[in-house]
Amino acid sequence: MSKKLKSDLGWSTADRIVVRGHDLVELLGKTSLGDFAFFELKGRLPTPQESIVFNAITVTLVEHGMTPSAIAARLTYFGAPEALQGAVAAGLLGMGDRFGGSAEDAARMLQDALGQAKPDADLGALASRMVSDIKESKRPIAGLGHPIHKPVDPRTAKLFEIAAENGLSGRYVELMRLVGEEASRVFGRELPVNATGAIGAIASELEIPWRVCRGLAVMARAIGLVAHLQEEMEDPLAAEIWSRIEDESSSHLRPGSG
Amino acid sequence: MSKKLKSDLGWSTADRIVVRGHDLVELLGKTSLGDFAFFELKGRLPTPQESIVFNAITVTLVEHGMTPSAIAARLTYFGAPEALQGAVAAGLLGMGDRFGGSAEDAARMLQDALGQAKPDADLGALASRMVSDIKESKRPIAGLGHPIHKPVDPRTAKLFEIAAENGLSGRYVELMRLVGEEASRVFGRELPVNATGAIGAIASELEIPWRVCRGLAVMARAIGLVAHLQEEMEDPLAAEIWSRIEDESSSHLRPGSG
Amino acid sequence: MSKKLKSDLGWSTADRIVVRGHDLVELLGKTSLGDFAFFELKGRLPTPQESIVFNAITVTLVEHGMTPSAIAARLTYFGAPEALQGAVAAGLLGMGDRFGGSAEDAARMLQDALGQAKPDADLGALASRMVSDIKESKRPIAGLGHPIHKPVDPRTAKLFEIAAENGLSGRYVELMRLVGEEASRVFGRELPVNATGAIGAIASELEIPWRVCRGLAVMARAIGLVAHLQEEMEDPLAAEIWSRIEDESSSHLRPGSG
Amino acid sequence: MSKKLKSDLGWSTADRIVVRGHDLVELLGKTSLGDFAFFELKGRLPTPQESIVFNAITVTLVEHGMTPSAIAARLTYFGAPEALQGAVAAGLLGMGDRFGGSAEDAARMLQDALGQAKPDADLGALASRMVSDIKESKRPIAGLGHPIHKPVDPRTAKLFEIAAENGLSGRYVELMRLVGEEASRVFGRELPVNATGAIGAIASELEIPWRVCRGLAVMARAIGLVAHLQEEMEDPLAAEIWSRIEDESSSHLRPGSG
């Protein structure tokens, strides 16, 4: 017996288009793109508070300047101008463990810890055990520290403030903060919660499964990559980047180079 | 002399993150994801009217049910669960000429026609010339007709209504409508403006270059694909799809099949 | 001070194209694609024995029938016929942990074990420790067992035979075999070395780093995907696959479905 | 009635794996990767002459140094080291109209021209008409000229020589040559047949449909990209490339830059 294929996301007939049980046409003009993304993921529209918080964390992920992803997208567009979708896809492919994965790792750490703890578990003691386990395993702690934004990532403070103002600063956010404080103490250096740590914690408050958190980064960055490609169409950089890198990287091999 | 590399999208220092000249942290909590996408593309925040219209056209593009893109994303996730970004990318790669390209084609047709016409050109006469040129060239007309939504695509009426209510129903929308009417007359069958035709026209009202219109579909669909992957994590379909297709497509080759 | 960019793979001038130090034009007509792949990875042409063995393992990876990768590539081509490269890329994106990763995992297990062992370490004792460690960790053992090819994967026997005939069946192959025998004994069921286990072991004999083994699957499968797309051009399946899956997966939502 | 899904490429049972009607295990050790690629595309093994020629054209496409594709693949690997397949896919996505498309365009031009001509049509007259049509349409001529390899691309001469020695220099190759000569005369500058022109012509001699020619570049380049990623693992360039481009491209925006 084969399994019945079944999806609850959308369907349409001659005169109706239905997304997650709602008539799409009735949502148009009333629902913003960010709220619709929440709706797609959760099956219900956000409350006004959830809307502010969800939009804030996704907006944070849209544009990080000339990242490896943005450069890869531009170089791909140069070779395949017929297929903008391919250039965006190439850029998104770099949103892996190092970039897109960091909010996921933080959310996973928090969701694993609170999922296994009693509902009234002491968060300070929990943070202490988490940091000590991680120290022993010699892995890096997700969501802490930043190569540039020291000592404090300005996005973190703002995102935590927005979550608190909207009643979405609960035990995940508190635990993330405590892990940061404990880690700074144990490792003897500033390890503040970074933006992806804040996003992982706040996404957990919104009950978004950790496996989906990388997807928040991916969907947001798709927007940023389209903007980079628009700029590349107007003022192309790819040929110059290619030429410089090709020349320099092969200069030691060329005749007369020695 | 080499060309100076230059991008105006974003940069950061230890305590500031700047996107298109605005401090990102000041936008958080105030700007929705859709408005931020407009900001990324246009370099300024939308007016309230532009916000409603831009969000409406992008929301329309998020979720189209179990499309080839959604199926490809799910199959890819099955093989590479370590890399959600790859599954989203695989889904986006199908947003090409057949899907993502249709809003682009409509916008291009309109922007080319109005770009070459005088500002006060008669739109009826222009539509008539456009349809007659297209008929002669035997190409399909962008933005018209739909295999399922007949005689009228319910999204088109709603999107045009939203554009009109917000003062964004100008000469592009009018020309798209006239092309639809003229084509229905000339080809002798109902060829109503479809959703991508409406989106191409409205994006043109928002002064989004036609080359970027495919990007609107790509950024919106990235959201829908993450929702499909979330559903696939909870209730996987990929193995069943694979098994059925593999069995059927090779059944004529297997011993005893004849 | 910035790091000098440097690549040894290739460069060209007006009248010469050089790949890994050899004039490309002198290799044309003498070097097969598989031997050139070996040359790209190792920086030297293979011996006749290495050539037979390397070509055999890569040929094994080209075509596995109507896999999730092949289906995803076909669906992508349907949506984006302008960009064959995107359809191949979509197919390759499914060559992750579940498929492309299995030869990598086997090679890693063997290279880690023999890398840490003394050159004359007893392989039986080593295999025994490896299986007992893996059993304790509750992870699956890389390179063993197959859902279909039971009790013996016919490719494994052939690949090991080819390696032996060409003097490339050394301690990696021996260890892989012993791990299979030991695992079958410890877990009390047939766990024969499968094709990816054989490929991981033989790639290790060829001194290909385990991190690159997934790449062998990726490069070989690119060939198979082009063949699938050629077949899709001649006799398209994507529309039918889409239609069936869309209808079935939304049938429970449609009016009158209850 | 739904269409029966059907693929002739491969299938397997417990003890057999069959590719295009041949037992895979019997081909292992006898068939090289390039010959197997020919077999996948054509459904039969190549003759010795076809083997030499097909391997020569695919080898030509493997490695072109530090191309935009190679740089994009390296940048993607930096962000997503867990998914080598994603980095290869990102690199392949740049093999579009500008790169992968050039052999396709040349093959299309030749296959269209000879497909419509009588079997004994005079090739000089045909070339003359083709060049004059292209000149009128103001499109570039596929397969001619090269920014670096002037006046003669050394690969072209060698590939044509190999084709001739193996009895595969027929009317497609002759027509390509004549188009080059005629174009040089009509446009008054050197427009020699370049490597992709030679490959498009020779692929046509092998009766490979023009739509598949881009696939030859894609499959070959997948090999080259794996080699670039191996080098990137050993001696990473991505972080340095990122850092330089990010700094320079935002320097005009940073405080004190004016």
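Going in written order, the chains are labelled A, B, C and D, and every chain counts its residues from 1.
Here is the rule we go by: a residue touches a chain if its C-beta (ideal position, glycine included) is under 8 Å from a C-beta of that chain, and two chains touch if they have at least 3 such contacts.
Source: prediction; values computed, not measured.
The interface holding more C-beta pairs in contact, when B-C is weighed against B-D, is B-C. Chains compared, chain C against chain D: the Cα-based superposition rotates one onto the other by 180 degrees, nearest 5. Averaging C-alpha coordinates per chain and comparing to chain B, the farthest chain turns out to be C.
Rounded to whole angstrom, the centroid-to-centroid distance between chain C and chain D, based on C-alpha atoms, equals 23 Å.
For this pair, chain B with chain D, the centres built from the Cα atoms lie 31 Å apart. Separating the CA-averaged centres of chain B and chain C is a span of 36 Å. Shown for chain A are the residues that touch two or more other chains, namely 5-8, 10-11, 13, 65-66, 80, 82-83, 85-86, 89-90, 93-96, 100, 237, 241, 245-246, 249-250. In terms of inter-chain touching, the protein chains here all touch one another pairwise. Residue ranges of chain A in contact with chain C, taken from their complex: 4-8, 10-11, 13, 18, 21, 80, 82-83, 85-86, 89, 93, 245-246, 248-250, 252-255.
By the touch criterion given at the top, residues 65-69, 71-72, 75-76, 78-83, 86-87, 89-90, 93-101, 237-238, 241-242, 245-246, 249-250 of chain B touch chain C in their complex. Those residues of chain B that touch chain A in the complex are listed here as 2-3, 5-17, 19-20, 24-25, 27-29, 31-37, 40-41, 51-52, 55-56, 58-60, 62-66, 70, 83-86, 88-90, 92-96, 100, 148-150, 152, 154-155, 158-159, 161-162, 165, 209, 211-212, 214-216, 218-220, 222-224, 226-231, 233, 235, 237, 240-241, 243-244.
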